[in-house]
Amino acid sequence: MLTEVTLELLQLFIVALGSPLLVGIIRKVKARLQGRRGASVFQPYFDIRKLFSKETVVSENTSWIFRFTPYLLATTMLLSSLIVPALATRTPLGFMGNIIALMYLFLLGTFFLALAGLDAGSAFGGMGSSREVAIAALAEPTVLIAIFGIALRAGTTSLDGIVTRFAAEPLLMLNAGHLLAFIAFFIVALAENGRLPVDNPSTHLELTMIHEAMILEYSGRHLALVEWATGMKLFLFLTLLSNLFFPWGVALTNTPIALFSAFLALIVKLLFFASAIALLETAVAKLRLFRVPELLAGSFTVALLAVVTAFFLQ
Amino acid sequence: MSAELLSRLVTLLSFAALGLTILLIVRTRLEGQVRVFGLQSLVLALLSVLIALYTGRLELFGVGLALLVIKGIIIPRVLHRAVTKIGIVRVAAPYLGTAPALVICALLTIVAFYVMTPIATTNPLPTADAMPLAFAGVLTGFFIMVNRRRAVTQILGFLMLENGIFLLALLTTYGVPFVVEMGVFLDVLVAVLIMEVFVCHIKDNFDSIDVGELGTLKE
Amino acid sequence: MNAPLIEHDLKRLLAYHSVENIGIILLGVGAAMLFQVYRLEALAALALVAALYHTLNHATFKSLLFMGAGAVLHATHTRNMEELGGLIKRMPQTAVFFLVGSIAIAALPPFNGFISEWLTLQSLLLSFRISAHTVNLIFAFSVAALALTSGLAAACFVKAFGITFLALPRSEHAEQAREVEWRMRAAMALLALLCVVLGVLPALILAPLEATVFDLTHAHADMQFNFNAVVANGGFGWAAPLWMGIGLAVLFVVIPLALRSIGASRQRRYYETWSCGRALQTSRFEYTATAFANPFKRVFAILYRPVKDLDIEFHPESRYFVRTIEYENPSRLIFEDKIYRPLLRMINAAARRARVLQSGNVHGYLVYILIALVALLILAS
Amino acid sequence: MMLLSLLLIPLIATGLIAVARQRVLIELLHVGSALVTLGVAAAIAVEIWHSSVLIAAGDLFRVDALSALMVAIITSLGAITSVYAVGYIRAELSDAHLRRVRLFFALFQLFIFTMVVAVTTDNLGVMWIAVEGTTLATVFLVNLRHTRTSLEAAYKYLILSSVGIALAFIGTALIYYAGAGKAGEIAVNWSTLRAGAGSLNGDVVRLAFIFILVGYGTKAGLVPMHTWLPDAHSEAPAPISALMSGVLLNVGLYAMMRFKAIVDAALGPAFAANLLIGVGLLSLLIAAAFLIAQRNYKRMLAYSSVEHIGIVCLGLGFGGYWGVFGAVFHVVNHALAKSLLFIVSGNILLKYHSAEIRDVRGLMRASPWTGALFLAGVLALIGLPPFAPFISEFIIFRSGLESYPWAAAMGVILLVVVFGGMLASVNSMLYGEPPADIENGGGLRLWLAPLAVNFALLLALGLTLPASFEGAIKQVVQIVGV
């Protein structure tokens, strides 16, 4: 019992505290790749702390939705962190939802964020929300087909089930379908987290920004919460990518050793993905908004191929 | 009387019945048509009595009698009354003229033979040979209902069809049980009475008994 | 499927969604039939349970939403979203109820739309138990379709709620709006409560549904459920809406406390929305429903075929001063133009031809019977 | 004894009503007899449910599960409609027309009587007479309003049904011949035929079934013998339409089921199955064609009856335990839904004084109760969950997908067409602004109360299949034969 609780708390804190670092690392690597020194990897922590200490400006047009959303967003992310098998498969609260439920949980956050974007009644917010939900909606099919692809091979949709299965039979992963599913899911992860080439997290250029436009009205603690939640979402997605597709090191038993090694493995994998994303974002330019569907359509096709291969060459 | 003789007589009378049905196609005056039907009923009554004599089934006498009374006397009376009540009415020509109509009758008779002969041959009863004729009568009566515009003629066609069916049953199994037969006669009688009422209604409402003109209810 | 997005009449938007939800239900029924054909009774039962459950949920949240729309209509005398807005301040309770309905219909946890759609998805995913590749692919596509539907539904109700209730009123109709009488609110409250209960306590309704379906298919649905969780096909999929709800609630309380404990600043100032330094902020700056739907229109251009109409009137002296800009963006569904309409026209034409059969001529009717009889007789002997 | 009383009550009621002088007395006799009959029927049903069969008057009457089910449908719907009929006729005919009032109620009882006889007798001939009797009893009812259109409808109804039934008599006679011809004994009963069906002459049975199909098919309203149905059902006063559509068609089906059992035993299932599926699909097709953009809502309901009888035939044709089960179940559901709709349509007619769909607007606002019931009925009829027809159609087409996939697929497609067609028309009736001259509420709202039974049953059977009910249907299925 105690170990379970500690495990959940451990995951909670890893996600909660690790996410800013992840963001920092991505920025750092990016800076280096672009030949800049870049800010310290701990910069996000400083930002968040500063924002928390600042006063919060709220538009008088807004309603409770606007103030409510940041908390809900953080809540959904923290809750997800209890479900995602970041360290171990035996997460006591893992039964709360399978991968599909998890995706719908993320969508809940997006839903409210979009509402908040509309709430202030500024043109930017509306533009941001409309684009955000558009992308989210278009990403849905890819997500589920990719999940279908995984479920086909793992024979289950429960997160820990998938991890256990692949950990038990690594050969299952030596398969075109697996790779394709991974690619599809990766693209979706980029889209859902507003990374390049879908959205540029570091721009505030009015007409191109999506996520940033949506949260333009936020300031102070609200902004801090939103930024933090965004970081957590990225962290969770990368964790999913690492542990669902490359489940090496994930603790199948809740012994301290296993958990510790799982922790190390997670760090390594996340570092890898972080630098991958950084590399990608320096390499590619942002797509025009209306090219995004093409990208998602591409990922959808890939996912479908994953499913087909799973059916035809088992 | 021998089975041989019976089957000959039966076939003969059945021919007569069919002939009368076809005659209805040729006759145009309503009174004449009604009389033709009465005659046919008489023939059928004769047939049933004949078979009754051969088989010694008493109820067949009863059937014959009922037939004579109901279809031979009452129904013609009723129809005659209707005809007189209607009086002279303009009447459109039937859909098919006499000649093509007769051709159709021939075709229907062929169909009847084609359909009924296989069964007739397996039927042990001496009367069975005439089954196709009876069925031809049915189809012809049906055709009269289709071809003739006047309500009264349509009813007569229906009655001919009924007669044909009665004959068919008679030939196949010496008729259905007495109760049933009586019930059937009763139904037919009531039906004709209702039809008569309707014909008069139609005359009053549409000032014509051309049922082809009843065409307001579509689709 | 995505017709509602470009629909700016609140009630018609809801009506469109009914079609969509019936689609989801029929998806479940169809899946059930296919499972039956392949002798997977348990899965068929699962799919059927999901379908029936969704029927029930659809009834609840859709009537809730219709009531909400009715309330809005009653309070503002308009159903055109472009004239609404800011209602959340004027009719707060209605807003909450409508929000609940929107979340439920968007199939987001922990409300009732989520769990039934989740079940449907599970049954569709389990289709890989069928060993016929074509069928598998059909299922794959239906999974994608269902996913897209739910995504678009979410988007659509962000629009419906956001444009109708949030920001500033776009007309004095909305300005004058007042909360509706208590009976209406009570009814909506009841339905909203139902949405929550059906959402977090699926076991309540799943038990009877399962029994019904058992009568029908004589197979127990391939699922286990209690008040903690719903499990599809052994370990294939888990969901515990109740615990999700609890978790959300707990964490939602914990976070502010944590923030206070780390001494985050709590001062707050109300100020007008940033509007690129323009003087006063009016509702004219707001994003409209049309604008909101625009990305979708662009994305599904092939389906919507947006018809642009930009009409700029320049100032007489210099063409760099614009006097008025008129921008119209009506759009038509290509489905309607290219598929539905022709299909309907075809069917109607065929029907019209068929109607000649009932000519009203009694002789004709007799001919039908005669022909039918003779034909059958000749065929049979 | 019970059986005879079941037959005698409506007959006596007919006589008494024919001589009764005061309107109230007539109405009392009418409703009373209907309710008593229902009670007796219930008792009989229970009896059958425990022991297997009831026999009366020698071997003339014999009630098994199938007959019991039909009796249940006839008497229960008879009771419901007879209550409504009182209110409807009060609104339709003032005391000035006492003769016609008396005629109406007398014939109503006679109609019930003939139907009960038809389904309870064991003798093929007597059944034939009774079925012809139903026509004769209803034809005046169709023409009750004495308008030109009602007269036209009645005449067509009389002629076409009489011809059809006459053809059915040929089939009956041929079965007689096949059954009794060799044995020489005359009385031919279902029970004896069913027993010795194996040894019947195949050719004769084959021929006979065609006559039966065409003949009783006319009564059941199967395409292409259905042409009288929309006219008669739309012209008859609402309660009669309800009984004709909901019950009388089933009597025709009942006869076909009986014969099908014999034919299957004699020839194997394929022969009857192919015919039934062909006719069923044709009915579905034609009904769909006429349901699209139908202008008259009573005719719409009538055509939907054609459609549903077609579905039942498909179920019987698909065969197998589930096919027949679904068919029998669907008979019940259709009876419930259709009688409900026709009765409600009576209210609509009284309110809007028009049977044209385009004249009916804003029903939901003008009279919410009527509108809501109408909507519920239509949703049930087009086979949406959670109503019972959805379940039965599901069962039928599921079994079809296994035995005759193509036919089933076509059937489903046609169902979708019907779905769209009917929903469109009904929407335009329910919503929108009611015409100015329509006063809100009012109507015969109270007289609709009995419909609560239909609605409750449709919903209950849609949500759960009680074991007892399923058991009963199972018995019926065994009689129809699998």
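Here the chain labels run A, B, C and D in written order, and each chain numbers its own residues starting at 1.
One rule holds in what follows: contacts are C-beta pairs under 8 Å (C-beta built on N, C-alpha and C of every residue); 3 or more make two chains touch, one makes a residue touch a chain.
All figures in this text were calculated on a predicted structure; none of them were measured in a lab.
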Chains touching both chain A and chain D, listed by label: C
Touch-network distance, chain A to chain B, counted in steps: 2
Per Cα centroids, the chain farthest from chain D: A
Leading chain pair when contacts are tallied as C-beta pairs: A-C
Whole-Å gap separating chain A and chain C, where each centre is the average of the chain's CA atoms: 26
Chain centre separation in whole Å, for chain C relative to chain B (CA means): 65
Whole-Å separation of chain centres (CA-atom averages), chain B against chain D: 31
Averaged-CA centre spacing for the pair chain D and chain C, given as whole angstrom: 39
Sequence positions of chain D contacting 2 or more other chains: 155-156, 159, 163, 203, 207, 230, 290
Multi-partner residues of chain C (at least 2 other chains): 355, 358, 362, 366, 369, 377, 381
Sites on chain A at which at least two other chains make contact: none
Chain-to-chain touches, reported pairwise for every pair that qualifies: A-C, B-C, B-D, C-D
List of chain C residues in touch with chain A within their complex: 85-86, 88-89, 95, 103, 106-109, 114, 118, 121-122, 125, 128, 133, 136-137, 140, 143-148, 150-152, 154-155, 157-159, 161-163, 165-168, 228-229, 235-240, 243-244, 247-248, 251-252, 255-256, 259, 262, 264-275, 281, 283, 285-288, 291-296, 298-299
Interfacial residue positions of chain D with respect to chain C in the complex: 155-156, 159-160, 163-164, 167, 203, 206-207, 210-211, 213-214, 218, 224-225, 227-228, 230, 275, 286, 288-290, 292-293, 384-386, 391, 394-395, 397-398, 401-402, 417, 463-465, 467, 470
Chain A to chain C touching residues, read off their complex: 52-65, 71-72, 74-76, 78-79, 82, 93-98, 100-101, 104-105, 107-108, 110-111, 114-115, 117-123, 125-127, 129-131, 133-134, 136-141, 143-145, 147-148, 151-152, 155-158, 161, 216-217, 220-221, 224-225, 289-290, 293, 300, 304, 307-308, 310-312
Partner chain B, residues of chain C touching it in the complex: 355, 358-363, 366-367, 369-370, 374, 377-378, 381
Footprint of chain D on chain B - complex, ascending: 115, 118-119, 122-125, 135, 138, 142, 145, 151, 154, 158, 161-162, 165, 168-169, 172-173, 176-177, 179-180, 183-184, 186-187, 190-191, 194-195, 198, 201-202, 205-206, 211, 214, 216-217, 219
